[in-house]
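Several structures are given next for inspection.
You will see subunit A twice below: alongside subunit B first, and alongside subunit C after that.
Showing the complex of A and B:
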C-alpha cells in the first residue's frame, strides 16, 4: 500500500493551481458575477477618468440652458443651474465611490480585526471588545457620523472616517460570530496540533473561512455608505458644494421631481447600478471562495 | 530510556458546574516504535490524556494538576510555547477522530499537507507541495488528486489525508484518537492496516485510543484500560488478553460479540460511568461491579503489579502476591 505509483519527476510535474487562480476560475464561470464585475469596472474607470470623459466642467453654469431634458448635447440633461448632469455624475462618482469604498475598508480592517481577536481569543478580551462595540452601537450610526464629521470637518478623508466608525461595531459583531463557529472546528485544533502559530492559524484557517458573510455584508455596506454620504451632504456636512456627489445631486433634484425627472433619476440610477454591481459581484465572489459550491 | 513517560497525571476541568476530575493519576510509558492502546468508554479520560501530552487541553478550563509528562527526556509541562510548537507536528502528531471536520474545507489537500511540512522544515512552497504529493501516494491516494478539496474525497480517503498530514514529518510519536470511529467498518480495517504499515516503516511509536478491543489486539504491544480517569488494567497486550484481571476489562470483553462462542445475548456492563464531578470514594467501578464488597466502597484500590508488567487496580487481587 505504501509503494508509490509514480516517480518523483512526474509528481513534480503535476500542475498546481494557486488558490487565487482557482477562485478566479470559479468566478469566471458565474455570469451574473461577471456582469457585476464589468459594471463595477466601468463605473470605476468612468469615475477615475472623469476629466477625460466628461463633456463639461462639473461646475460650469449655463443659465441659458437650465433644467434641460436629456439631449445629445446634454446626455442626462442639466440641473437648475444649467450644469451638465452627466458630467456631474461622473465627477460625483469619484467622491461617492472613493468615500464609500474607503469607509468600507476602514470598517472592515478595524471591525474585522477586533472581531477576529474577540471571537478567537474569547474570555476577557472578548468581553471588553464586545462591550466597547455595544457602546458604539448604542449611538445611531447617522448621529455618530454627524458628530464625527462635525468635529473633523468636511473633506473626503474625514467623511470616510466619520462614516466608517459607525460600521466598525456591526462588522466586529459579524466577524466575531463567524469566528466563534470557526474556532470550534477541528481543523483549527488540528493546525494547533501540527505546531502552527496562532497568527498563522488565524491568517490561513480562520480568516478565509470567515470571509463569506463578510463579503456579502461589505457589498451591501457600499450602497449604504453612498446613502450615508448623501445624508451628510444634505445637512451641510461631508463633501462641500460645488463638488458634486451622487447623493447630493439626488437631493438637489427633490424640489423638481414633479416636473423635471432627470435630476433625481440619473444619480439614482448610478447609485442603483453601483449597488447592483457590487452586490452581484460580492455574491459571486462568496460562491467562488467556497470550493464546495463550484460546478 | 523510554520515549514517553507519564507519571501520576492528574487533569481537571474547571467549569462553572464544578470541577470535573477527568484524569486521576495515570501513569504509562512508551518505547520507541511501540504501540500502546488506550481503551475505555466514552468519557473515561482517554482523549484528555492524549491531548495533555501535547498540551492541547482546552484553555483555560483544562488544567494539569499533578504528575509529569516526559517526552524524549524533556518535561512537557514546563515547555515554552515555542518549544511546544516545535514538538507538535514534528515530534508528536495527532490523528483526529472525524476527518470531515479535521480538514480545512478551503484548502486543497496537498496544500494542507504541505503546510505542516513548511511549519517544521525550511523547504520552499513548491518543494513542500512535492513532498506532500509523495506523502499522498504513500497513503494510497493518487498524487494527481492533491489539488482537489477535502469535500471531493470520501470519508476514508479524508482520513488518509489526515494520516498523511500527521506522518509527513516522521514524528517519533503518533497519537491516533479513535481514527476509525467515523469510518464505516469495511474501511476501518484498511485504514488501521495502513497506519500500522506506515508506523512500522518509519519506526514511530503510537498511542491508539479506541473502544474497540479487537483493534487493540491486532495492533498494540501494550494495553491500558481506562475507567473514570484511572487506568484499571495495564500491561502487554498478550498478558492482558491472556489473563483478564479487572472486572471492568472482563465486562468489556463480555460485551463483544464472539465468532467462536454461541451466545444468544451479549452481556453489557450494567449502569453508567460515575459523574466525573462527583466520583465515588472507593473503587470507581464498584457501583457497577458484580464482585463489589463493602470494602470496595471505602478503600481506593492501588495499582498493583501482579505479574511483571501486568498491573491491575482491584481489591480482589490484594492478597495475591504480586511483584513488589
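Showing the complex of A and C:
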C-alpha cells in the first residue's frame, strides 16, 4: 500500500517536473528575471499599442515647438522638427522589436535546420555544414551585417535579413550540439526500444529537450539584435527615415548634442532597457530551465 | 603542441579563401554603378565602355572574383580604391594601427579588469561588494557602446570638460573610445568569470586541496583559476569580434581616423574595393586573434592537447555549447532523479 503511494507520488512529481508550470514556478522565484519579464511585457504592449498610447503622431511636425526639453506636454521633449520624441520612441520600438524578432526567426529557421541536419546526419554532411559555419563566423557579426545591409539596401525586411545571417551559424552550432547530446541519451534509446517511431521520438522527446537552450538563446539574441539594428541605423544603414527607429533618432541627436541632450538620451535609454529586459529574462529562463545550475 | 598550432594555421587558409568569396559576392551585388559614379552625369557610351574595361568591370563575374582572390593571395593586392587614386592597401595601412590599437587596448582592458573583478566577486559571494559588482555588470552588459559613448561625451566632454570629444591627439583622448567600446564585453566577461569560478570552487578537488591544508591563495590560483578560465577564454575570443565590429561605430562617434570610419565613408561612396579590403583585413585580424586564443586555450587546458594527440578530433570545438539540461538530470522531461528523491 505504501509502496503504491510512493509510486503515485513519484508519478505526480514526474508530471509536475515535465510541466511548464514548474519552469514558471522557478522563474517566478527569480526576482531579477521577473523584472525582466515585466520590462519586456510593458515594452511589447507599449510598442504594439503605440498608436493608442502615443500622445502625438510620430510624424507630426510643430515648428513652433522645436528642440524642447522634457515637460508634461512632451514627456521626452521634441526633436529638431518639433516632433514628440516620446511618440517617436514608441513607434520606433515597433520597428526595432519587429526587425529583431524577424531576424531571430530567420536565424532560427535556417540555423535550426542546418543544426538538426548536421547533428542527426553526422559524418561528411556534419563536417561540411560545420566548416561553413566556421566560415560565416570568421567575419565579425556586426561587420557582416553592415556589408550585407550595404548590399541589400535599407528597409525593414532587408535589415532583418542582414542581421539574421550573422545569427545562423551560432544557432546551427547550438542546435547541433543539443541534438548530439540528446541523440545519445538513454530516454531516447528507451523510447526506441519501446518501439516508438522516429517521428514520435523527435516530436515528444527530442524537440522539448532541444527547446530549452534555444529559448534561452533566442531571448538573449533578441536583445542583441535590437542593439545591432540601432547600431546600423546609427551609421546610416538599415531602416531608413522617415520610419522612426531608435538608432536613427539617436543619430539625429548627435548634431544637437552640445545644447540639447534629450534627443541623444531617451532613445538610448529605450535600447538599454529593452536589452536589459531580454538579457535578464534570458538568464532567468536559463536558470529556470536548468535547476542543476542553480547555486 | 606544435603540430596542433600548425594544423590550426593551415585550417585558416580555406577559411580565409571562403571569407574572400563571401565578401566579394556581397560587394559585387551592391547597388549602384561605380563606373557611372566616376564618370559623372555626362558621358558617352564609348567613355563608359572604356572605363568599365579599364576597371575590369566588363569581365564575367567568376573571372573578376578569381582575379581578385589570386591578387590577394599572391601579391596581397586588394585592388584600387574607386574614390581616390590610392590603392586600397595604401588607404587601409595608414588606418590599421589606430584601429588595431583600440581593439587591442579594449581586449587588454577586458582581460586585465574583467577576470580579476569576476574572481573577486566570486570569492566574496553574497557580500555587498559582490552585489555591487553583479548589479553593475548586469546593467553594463546591456549598455550599447555607441549610446554610452554619446552619454560620456555629454558628461565628460561637454559638461565637465575633462576629456576631448574627438580625435586621438593626447593620451586622454584614448580613454573614452577604448572604454566605451569594450565596457559591454568587460561586463560580460566579469559575469562569466564569476559564475565559472563559483562553479569550480564547489568542485570536489577544491575541497581536497583545502583539506590537504593548502593555503587558500594557492588553492584559488593554482587549482580554481586555471579551470574556471576555460569558458572565459572562449568568451573573450567571441568578444573580440564584437569589440572590433563595434569599433566601426565608436570611430565614427569620436571622429577617429581608423578603419571603421573608412568603412562608413566607403559605404557612402560605394567604394566596393575599399569595403572589400577593410572587411578582409578585419577578418584576418579576428582570425589571428582567435588563433592566439586557441593557443592559449590549449596551454591552459591540457585535455585539448591530449584530445588532439589521440587523433579523435582535429580541431577544438570551442564554440560547441553543450547545454546542461539535456546532459544530466533536470530540465523538462527528465526529472526522474528528483522525483525519486521526493
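As a working rule, the second predicted complex is superposed on the first by the 228 of 295 C-alpha atoms of A that agree within 3 Å, B and C clash if a C-alpha of one lies under 4 Å from a C-alpha of the other, contacts with A are read in each partner's own complex, and residues count from 1 in each chain.
One rule holds in what follows: a residue touches a chain if its C-beta (ideal position, glycine included) is under 8 Å from a C-beta of that chain, and two chains touch if they have at least 3 such contacts.
Just so it is clear, the model here is predicted, and its values are computed rather than measured.
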| item | value |
| --- | --- |
| Which superposed partner A:227 touches (first subunit B, second subunit C, both, neither) | second |
| First (subunit B), second (subunit C), both or neither touched by A:289 | both |
| Partner chain in contact with A:123 - subunit B first, subunit C second, else both or neither | first |
| Contacts of A:135 with subunit B and subunit C, given as first, second, both or neither | second |
| Partner chain(s) touched by A:60 [first = subunit B, second = subunit C, both, neither] | neither |
| Contacts of A:194 with subunit B and subunit C, given as first, second, both or neither | first |
| Touched partner set for A:21, first subunit B, second subunit C, both or neither | neither |
| Comparing the two partners subunit B and subunit C, which touches a greater set of residues in subunit A | C |
| Subunit B versus subunit C as contact partner of A:213, first or second or both or neither | second |
| Subunit B and subunit C contact sites that coincide on subunit A, given as residue numbers | 10-11, 14, 17, 19, 22, 185, 187, 205, 208-209, 289-292 |
| Contacting residues of subunit A [partner subunit B, same complex] | 1-2, 4-6, 8, 10-12, 14-17, 19, 22, 123, 185-187, 189-197, 200, 204-205, 208-209, 289-292 |
| Subunit B residues touching subunit A - in the complex, by the definition given at the top | 54, 56, 60, 84-90, 93-94, 96, 98, 101-108, 110-111, 115-116, 119-120, 126, 129-130, 133-134, 137-140, 142-144, 146-147, 149, 151, 162, 165, 193-194, 197-198, 201 |
| Residue ranges of subunit A in contact with subunit C within the complex | 9-11, 13-14, 17-20, 22-23, 32, 131-132, 134-143, 146-148, 150-151, 153, 170, 173-174, 176-178, 181-182, 185, 187, 205, 208-213, 223, 227, 230-231, 234-237, 247, 250, 253-254, 257-258, 261, 264-265, 267-268, 271-272, 275-276, 279-280, 289-293, 295 |
| Contact footprint of subunit A on subunit C as seen in their complex | 14-16, 18-19, 22-23, 26-27, 29-31, 138-139, 141-144, 146-147, 150-151, 153-154, 158, 198, 202, 241-242, 244-246, 248-249, 252-253, 263-264, 267-268, 275, 279, 282-283, 286-287, 319-336, 338-340, 342 |
